[in-house]
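One chain, subunit A, appears in both complexes that follow, with subunit B as partner in the first and subunit C in the second.
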Partner chain A sequence: MLKLAIVKITSCSGCINEILSALLEDDIRANYTLVYFTELVDSIEFREADLAFVEGSVTTRHQEEALKDLRKRVGFIVATGTCALMGGVQSLRAMGDFKPESRGLPLKQESSEIYREPKPLDQVVKVDYALPGCPINADAVKTFLRKYYLGGLPIAIYETVCSECKRRGLPCVLVTKGIPCLGPITLSGCGAICPSFGRGCYGCYGLQFHGLNGGKVLSFAERLRELGLPDLDYRALISAYSYAKYRDLLGGSH
Partner chain B sequence: MRQPMTLVEGEGSIIILESNSLVDRVLYEITEAPRFFEYILRGRDPWMTVDLISRVCGLCGVSYSYMAAKAFEKCLGVEVDEYIERLREAMHLSERVKSHALHVFFMNLPELTRSRSIIELASRNPVVFRKAVDLVNHSRRIMSILGGRFHNVVNVRIGGVYRAPSREEVERAKIEVTGALKTALELADLVLSLKPITGLPSVGSGVCIYSIHGYPHHGDKLLLGDKVYELCEFYGGVSIPHRVEHSNATHYRLRGGESYYVGPVARFNKYYSMLRDEARELLKSHGWSPPLGVVEGYVARLAEIVNALLEISEILESHREVQKPSSIKQENIRGGSICEYAVEAPRGVLYGRFKLGDDGRIQECTLITPTAQNLASMEDTATQLLRNKRIDGKAVDVAKSIAVAYDPCISCSVHALRVEFLRINP
Partner chain C sequence: MKKLMLEFKKLLGDPVFLGYKRGSTIPVFDEIRSISELPLEISDVQKPGKYEIVEGFRFRHSHSSPKWYLLPPEQVILTISPSYDAIDSGVSEGRRAVLFGVKPCDLKAIAVLDKILLDKHPVYTAKRRGIVGVVVEECMEPGGTCFCASVNSGPIVESGFDVAYARLDKETLLLKPGSDIGRQVLKSMGLERASSEYTELYKQMVGRAIDSMKRKLPDLERAQRALRGLASSQEFWEEISKKCIGCGNCNYVCPTCFCTEFIDRVGENHAERVATWIGCLTYTYGLVAGGHFRKQLYMRYRHYTLHKFLYYPLQTGGLLGCVGCGRCITWCPIGLDLIENLSRVLKVKNVEA
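After this line comes the complex of A and B, so read on.
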């Protein structure tokens, strides 16, 4: 039995509930023991674990310290979801003039050190594996857990959502209907859900980061602009789920 | 004494204030780091908002998207095709089934049967575990057919849906609904035979959406006692936000200081008569009737699961082919309006108010979540029950079960509870 911990930081619990779906499989439950998962297990501490899924992005110093401590006690860390990988939707606050202290929220003193810009996990600790998605997909978790137990990892696939549309035989919504679609620059893994519903991909799996550079993002944005999206919207659309990655690629000026 | 909460969705702690070794007050501290959604949504167009807003809560994203879409439709005067509206209701109801099934069987049932977790319960009672998993998986497939996926569905838009299901998809969904209903009824015998860890009256009044034609679902009026309030009236002066020192979440109380609760028990107690006959018969056969206390929430949740499945089934029966799944074009969005609406999310009334600027973008946004509204009632209920009792393991258990009973979804508002004892100096 491998010891499994499920840790949540700043996030919505959507990914955690996909992990929960994976844990309902008999063979997976037979091979993993849950040492920490507050949503499901009435236990608030654990000493060490072989594997931990961490959902969410880092938004307080307290979380940053807790993660560093977690890293010492866990053998393998999986950054879970677009928040953990690229900051997630909460990163959007860093686009404007946001100051946590000026939001007039009833923040407790110890947690008042809230970062203006949420950090992806790899900015704080070494990450061993990444599962993208907003939310991640339970099938991907199942595949991962089965292979990990056997001592392996899923084969890395560097594709965009476009490949999934092609495999499913879906007509391109961007080309045939002129609907703005982020498929060409978004990580695969969802199964092209949005195009299958006749709408454009809105990038919730995050920016495809292999082979993508600022220039390519800008020329793609140019295409979206031709489709009639005003300037502000294409920025918001492309960066909505992966602002941290977007800013790396384009810098603060775009 | 402070102890992290477990078996709830999100992060927080139970704080027990003690005076002369006796319980003085019970507080629920929300330590979840805020994500500033109301700020994030500023400057966004309403279209993007409907998708982004579902990320407030991983568990009840349809409620958020649906609430936002309805708010914009109402203030922009958008008519939605009747069948399409029913389809969205079916999507929203399948989320209610999912959320309630997860709460009743994965969080509340282990607590009611004194197990550490559903995994432990699985080894003690594999049949119940298998059925609970089946129910969740049925709801997963219904949501995938209607909305694209289990969480953060992609098929809610202003003016309707992106794509209505085909005849073949509707037939598949019907099979899942039939399976879910059969499983829920089999599980009902166990769940409805359980008694809560503590029998207690609910503290405060229940608030839910005012409904004329059926069990409360979504609307623009609220019911408190016998009085009906417009949304802006209720949140503009009847329910008052309170900032409390021990929590990152805003609390809400009625003008006189009294706490109120929202959610399945509030809906059930007010609208029991509007539940379908099958749901009421089921409860009657196990000796349950209104009013229920909040700790008996699993009874209301089970009734709502059965009721929702019957309603989804009826909606799917009314299937027809739709050529135009949405009635609005992007250009119709105009500025200068205030858009507000409320839906009955699984945990209760979810209210949203959006002020659109002249450019048609969101200028200001207010979101009042069910859990935030329940926090004051949670504290009042636990305090009333435990005040002047000895602080021991039992007191902590009661404080924990109150938290679990309210099914706080802390990720959205404000997320497992620690328990802390703090001595008050005389």
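After this line comes the complex of A and C, so read on.
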């Protein structure tokens, strides 16, 4: 039996639901024991785990310290979801007027300890594997858990939503209908759900950043503009889930 | 057209028909169950990054192609039990099938795939060996991104088919046999020999079709020489691929792209090894144990171009990897134009010379 911990930081628990769904499989349950999963198990602390899924991005100093401590106690860390990989939707705050103290909500921490720009996990600790998605896909979790137990890992595929869209034989919404679609610059994994319903991809699996640079993203943005998206909309669209990568490629100015 | 189908059916013992099938949106390559499923009353309008179906009678092709049948996007090539016993090798007999209404460029693409995969790839080989008849629709009006004439793949066919037909207008078909089966089919259809009026018209229309292709490669051999000369110019390839975002659409729609990646799917009671289309423009391509041999996107774009025009001929005994169908131009979300780029190759070389 491998010891499994499910850890959540700033995120919506959508990925956790997908993990739950994977844990309903008999063969997976037989091989893993849950040592930490606040949604399911009554344990506030755990000492060690072989494997941990960490959902969410790092938004406070406290989280950052907790993660560094976690790293010492866990053998293998899976960054789970686009938040953990690229910041997630909560990163949109970095582009606006960020004032945590003005919302009228009681703060648990000093506002100076709350990060304006949420950090992806790998900015804080060493990450062993990444599962993109908002949320991730339960099938990817199942595959991962089965292969990990057998002593292997799924091979990492770095391709775009277009790849899945084309393999499904879907008619491209961008080329046939002029609908702005982020598929060409978005990581695969969802199975091209949005185009299969005739709408454009929103980029929830995060920016497929390999081989891209600022100029290429801008030339794609130019294409979206041709299709009728105003300046601000295309920037918000491209950076919505992947702010951290977007900033790496284009800078944070807005 | 109906008669043609019926005769093939009679002669070849009830094969399935495979062709571009009209669906609710865009025709895709699939099984044709009745004549009403053929895209006879529509045309496609194709431009870089743009595709539309309108009323008409000149359907050329879509993102789909015979590759979808012969080398499908996902091929399960092995299924094993939890104790690693083989349950299924994934290869079954190919169905007896007639390709119906495929285009000259499609036929050429199959000839290219044959050279690379036939008797080597079990799934392709089984399906390919099941093809017992070929009916080609010649193109009297090429599509908006077609350039087959420049690469010697169309718009008409000379060999490798049983029957070819050309639609001189919406109602008039001119048929020609290309094999004994074809001659037999046409004979039992009781057709008259076409008068010279029609054959002259046909010749004129073919000439016009060739002239009307906007994209032209003036001289293929010169282009190949120029490509060879530019192969190691990083600056040139970076410039030419500046807008490419590596989405891979060009690979998947190309009727001759054949690369796959093996993906193992582990289930509760069995595991499958699935050969899955992978594009050389995507980052995974070139990623191997120990590193990556085409890390930059311009290197992958260069590989795509050089493979089509320089390396395929080495693999196929002379056939180019590009059949001029223009799909990669139409279905590129940015609308990058391969032929425009190749013309630039020639210009750069001219300037230097």
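Everything that follows uses one rule, which is that the second predicted complex is superposed on the first by the 245 of 254 C-alpha atoms of A that agree within 3 Å, B and C clash if a C-alpha of one lies under 4 Å from a C-alpha of the other, contacts with A are read in each partner's own complex, and residues count from 1 in each chain.
The rule is simple: a contact is a pair of C-beta atoms (placed from the backbone, for glycine too) under 8 Å apart; a residue touches a chain by one contact, two chains touch by 3 or more.
Computed from a predicted model, the values in this text were never measured in an experiment.
Subunit A superposed: clash or fit between subunit B and subunit C?
fit
In the overlay, work out which of subunit B or subunit C sits against more residues of subunit A.
Touching more residues of subunit A than the other partner does is B.
In the superposed arrangement, does A:Thr143 touch subunit B (first), subunit C (second), both or neither?
In the superposed model, A:Thr143 contacts subunit C only, not subunit B.
So, does A:Tyr202 touch the first partner subunit B, the second partner subunit C, both, or neither?
first
With both complexes superposed on chain A, which partner does A:Thr176 reach: first (subunit B), second (subunit C), both or neither?
A:Thr176 contacts subunit C only, not subunit B.
When the two complexes are placed on top of each other via chain A, what is the minimal CA separation of subunit B and subunit C in Å?
So the smallest C-alpha to C-alpha spacing between these two chains is 12 Å.
Can you list the residues on subunit B that touch subunit A in the complex?
Those residues of subunit B that touch subunit A are 3-11, 29, 31-37, 39-40, 42-45, 48, 51-52, 55-59, 61, 102, 106-107, 110-111, 116-119, 122, 133, 136-137, 140, 148-152, 154-155, 157, 162-163, 243-250, 400, 409, 411-412, 415-416, 418.
Given the complex with subunit B, which residues does subunit A contribute to the contact?
8-18, 20-21, 23-24, 29, 34, 37-44, 59-60, 63, 88-90, 92-93, 96, 98, 100, 103, 105-108, 111, 114, 134-135, 137-138, 190, 193-194, 196-199, 202, 204, 232-233, 236-237, 240
Under the touch definition given earlier, write down the residues of subunit C that touch subunit A in their complex.
Going by the criterion above, the answer is residues 25-26, 28, 49-52, 62-64, 68, 73-74, 242-249, 252-253, 261, 263-268, 276-279, 282-284, 287, 296-297, 300, 330-331, 333-335.
Under the touch definition given earlier, write down the residues of subunit A that touch subunit C in their complex.
25-27, 143, 146-147, 150, 154-160, 162-163, 166-169, 171-172, 174-176, 178, 181, 183-185, 208, 210-212, 215-217, 219-220, 223
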